[in-house]
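First the structure, then my questions, so here it is.
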Amino acid sequence: MKTQVPILITMIVGASLVLAMFVPHSPFRTLDEHFSVWFDILACFAFVLGGGNLLKVHLRKVSARGKDWAYSAVTVASFLVMLVAGLFKLGAPSWDTDFIGDGTWFKAIYDATFAPLQATMFSLLAFFVASASFRAFRAKTREATLLLVAASIILVGRTPLGDTLTAWLPRPLEFLRIANLSNWLLSVPNLAGQRAIMVGIALGVISTSLKLILGIERSHLGGVRE
Amino acid sequence: MSGAMSGATLADSMILWVGALLTLAIFSFLYRDNPFYKFAEHLFVGMSAAYWMVTGIWSTIVPNLFGRLYPPSLRAILPAVAEGTPNLWYAVPLVLGLLLLARLVDRIAWLSRWAMAFVIGFAAGTNFTRYLQSDFVGQIKSTIVPLVVLGTGAAGTADGGGGASGLDLGATISNIVIVVGTLTGLVYFFFSKEHTGATGKAARVGIWVLMVTFGAAFGYTVMARVSLLIGRFAFLGQWLGGMF
Amino acid sequence: MPAPRTREPLHCTLARIDRRVIFAAMTLAVALPMLFHLEFPVHPSPIVTRIFEKIESLPPGARVLFSFDYGPSTAPENQPMAEAALRHALARGCRVYLMTIWATGPPQVVRAIDNAVKTDFVDRVYGRDYICLGFKAGDQGAINALAADFKGMFTTDANGADIESFEMMRGIESTKSFDLIVAIGAGLPGVKEWIQFAADPGNVPIVAGTTAVEAPLLYPYYPRQLIGLMGGLQGAAEYEAALLAKYPQFGERSARAIRMMGPQTVAHLLILALVVIGNVAFVLERRAQKRATR
Amino acid sequence: MTPDAWFNPAKSNLFVIAAILVAGFVWSIQRARAGAPIKIRRIAGLDAIEEAVGRATEMGRAVLFVPGMRDMDNVQTIAGVTILGGVARKTAEYDTRLIVPTSRSLVMSTAREAVRGAYLAAGRPDLYSDEMIYYVTDEQFGYVAHLDGVMVRQRPAACIYMGPFFAESLILAETGNSVGAIQVAGTAQPQQLPFFVAACDYTLIGEEIFAASAYLSRDPAMVGSLRGQDFGKLVAMGAIAAGVLIETLRVVTGSVALASLSERFLRLFALNF
């Protein structure tokens, strides 16, 4: 029951979805679409599971009064405030309006906190890009040097300065202008590399899927092979 | 930038202030970990978990589960859906969802594996077909190009070299690089052959191609990240401009 | 390297540079050019010029579909390019149709209408010259459906008014009814899906603008399946430059990306300088090590 | 095509290609099970995991494992969780603390099964606790903010990132580096690979992440599937080489017969036959 049934479920669901590509007959025709919606629904139950787990972890920290328990209280409080505001559509004119419409508390909290926090975390990347450039991008090997050269051409090529720097090149050497060079880099070697990676990944995905459907891969079930 | 505050309501300026202070709290992490960052981090975690939960409930569970299982239940919330006919198949995801929640109770936690098995099967089935079609077969097809290009001004190359007649040198070189690059890149990924001898040489060329790819991605990504930082600074400028 | 005995070798000094110094440098590299309004002259590259020429060639009354497939998080990159192309299409007297397949897109459409249409083209009439169709869910499925039956998907405009009540919607059957698609995107679904599901199957001309991160992934389509591409902020700035050269009346309002390219360029130079300094330190260090082992 | 047919002829070419690939896989797996010796090349990134766990043990610090930013419907996440099983087996043997924050609760559930199984297999079920693996938030940057906090406060000696990663890759790798952790990463997101390659000590590139579970387990059937993957690459390379040859000859000779052959060959790879 604990291992065999899950393996059987995985096998049936996976195999019928693969068949669905070739078999237009019902029920296969709409299987992909229905299973997608089912998965979305399950993922939403998972939000409840996740939220429950989050509360459990942080409430335990609060009640134990360990180090930094006050911050856990911040997490619990902000979780509950956002949850209540959203589930009860606080501030909305009626129940049949959008839960994140204008004037709702949910949207106001979102605008004041969620949106700037997200954008700022995102923009931290510019700083980390700078420190990584200094620390990590070193021409240790021939490979690393290639990466650096390609990156530098793009970095300079995508600014007004790069244009000015190489605009003097005469017509027969036009292809060496940095804008042209960076275009070529993107549309030729970059393309080849992307393709090799994509085909490799596709085979990796196909192989993993097959192992799951055939029940060979089962470590996600805690399954040590019998 | 300035003047944006004129005519702003109290609520708007509060939103701006809270946003600006939280922006600074996150930036302070760059100096080192500190109570402001810790506060912002814990706030972010709690709020965003609830945000996704609420969004999931209103945009998926309500219309796609209850709305299909028993539409009349939604008369007050989604009148447009309430007239539909019940679809009992949606009892299956309901049951699977409840099985998933069994994880919260230790004694029956193993039942959640059944729901997980569905998810894994779904992943295996859909990804198998999707990757086979667009990434495996699709990419093979796109790589089939002639190694020799005749005529002038052939589209697809940026360097536009070549002469007035006969061979288009630029396009020819580009196509050779694409084919050789793709093939040697694939050789790099061989697992059952050590990278020695001819395989080793091909794999070597393959890794060079991969490195150029990574370099290009690096350059472009740097550009995008800097633009976002400029956007954030402009936001702080708007806040500062509003203060004076 | 003949350094005096009392001073520590240069590579040690360089290796000890704190991350925070680099962070401070980055802050200054962005903030100072913003404060002092540093600007560089921008020249459009061929891949952007082709977009400009395409829109320039459209006759008055041509139908142009704009899709704003991005949210606030990438607006610094996407918004200037969307507005520049929109201004250009309106200046040519085209009829423009604005929509989005991103749930976070509608506020961006509204902003573009406020910034571009309502300031520079006050004489244009809603429903005759421009229309806001709003958001449509379904990702690439939505594009696929629009390619078959446009008004079947958009039964109303963004404000809920019947689609048939608008003069400019007459004769729109599918995406094939448009003379040009302008897709401004930040990821999935985005430009790639517009090419695959609408432009390619229906043979509709398409031009695009994307974030810098997305741009390398779209080069395989240029120039056959995609007429031109604005990649990141630089792409947007180049378009603004092309637009201002022909239509100087837009002035400062259509130079946002050009202004942002000032700090952007300085930041790029900083990154390059950091790479160089890092590598100098690395070479010195390796040399010192070799000497020590000898 | 009639909507109620039992086979869609427009997909018959895909069916044949899929059949060839599947047959290659099954044959390789059967051969490996029958005991045919299969050599697998060294994958440095995977060997580094053992080293990383060993170092964490010496230093008495934790190992942080991040399974990426997507849900269980992503095959990379499944691969990540499988690798986590291998890592957990090592931390169980060495009695090293393991921290696994997840951004999806389904990933949390699956990861708990995998880690519990690994601790059981290593004979140390007493060391396992559910608290090692916990859900943070689905929000990308909320999760990153938390991971950064964990890194600077708990100072793990090893950070392992395996799964689908996006913009956050560099924030994680740089923060991990600033606390002096040894870092091993693996992802199949091409845009993020340069950052992992530059900022981490070892990186599994693209397909290598899918080879990891076979590599770690050394189970014959799993190793056989790697052979199957190589067979698939040979199929791809052969098809490309043949196609390029035909196309080139067509251009050089200008022959009509070759033109129709090349057209037919390309049609074999059409998405709708």
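Order of writing sets the labels: A, B, C and D. Residues in every chain begin at 1.
Please note the rule applied: contacts are C-beta pairs under 8 Å (C-beta built on N, C-alpha and C of every residue); 3 or more make two chains touch, one makes a residue touch a chain.
Computed from a predicted structure; not experimentally measured.
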Review point. In terms of C-beta pairs in contact, which two chains are most connected?
Key: A-B
Check your understanding: Which one of the chains is farthest from subunit C, going by Cα centres?
Key -> D
Review point. When the C-alpha atoms of subunit A and subunit B are each averaged to a single point, how far apart are the two points in Å?
Key: 4
**Study point:** Inter-chain centre distance, subunit C versus subunit D - centres from mean C-alpha coordinates, in Å
**Key:** 32
Review point. Could you state the distance in Å from the CA-based centre of subunit B to that of subunit D?
Key: 17
Study note, to complete from the structure: Rounded to the nearest Å, the gap separating the Cα centres of subunit A and subunit C is 21
Exercise for review: Could you tell me which residues belong to subunit B and also touch two or more other chains?
Suggested key: 26, 29-30, 38, 40-41, 44-49, 51-52, 100, 103, 113, 116, 119-120, 122-124, 126-127, 132-133, 136, 140, 142-143, 156, 158, 179, 182-183, 186, 189, 210, 213-218, 220-223, 225-226, 228-229, 231
Point to revise | Per-residue overlap in subunit C, given as positions that touch at least 2 other chains | key: 19, 23, 26, 30, 46, 73, 212-213, 215-217, 220, 231-232, 234, 264, 267-268, 271
Point to revise | Multi-chain contact residues (two or more partners), subunit A | key: 18, 21, 39, 42-43, 46-47, 49-50, 53-54, 114-115, 117-119, 121-122, 124-127, 129, 131, 133, 135-137, 147-148, 151-152, 155, 158, 183, 186-187, 190-191, 194, 197-201, 203, 205-206, 208-210, 212, 220-221
Review point. Okay, in this complex, where on subunit B does subunit C touch?
Key: 30-31, 142, 155-156, 158, 216-217, 220-224, 226-231, 233-234, 237
Practice item. Provide the residue numbers of subunit B that touch subunit D in the complex, in ascending order. Key: 26, 29, 32-33, 37-38, 40-41, 44-49, 51-52, 100, 103, 112-113, 116, 119-120, 122-124, 126-127, 132-134, 136-138, 140-141, 143-150, 179, 182-183, 186-187, 189-195, 210, 213-215, 217-218, 221, 225
Review point. In their shared complex, at which residues does subunit A touch subunit C?
Key: 115, 118-119, 122, 126-127, 129-131, 133-140, 148, 151-152, 155-156, 158-161, 163-164, 167, 179, 183, 186-187, 190-191, 194
Study note, to complete from the structure: As the complex stands, subunit C meets subunit B at residues 20, 23, 26, 30-31, 34, 46, 73-77, 211-213, 215-216, 220, 223-224, 231-234, 260, 263-264, 267-268, 271
Exercise for review: Name, in rising order, each residue of subunit A that touches subunit D in their complex.
Suggested key: 18, 21-26, 29, 39, 42-43, 46-47, 49-50, 53-54, 57, 114, 117-118, 121-122, 124-125, 128-129, 131-132, 135-137, 147, 151, 194, 197-201, 203-212, 216-217, 219-225
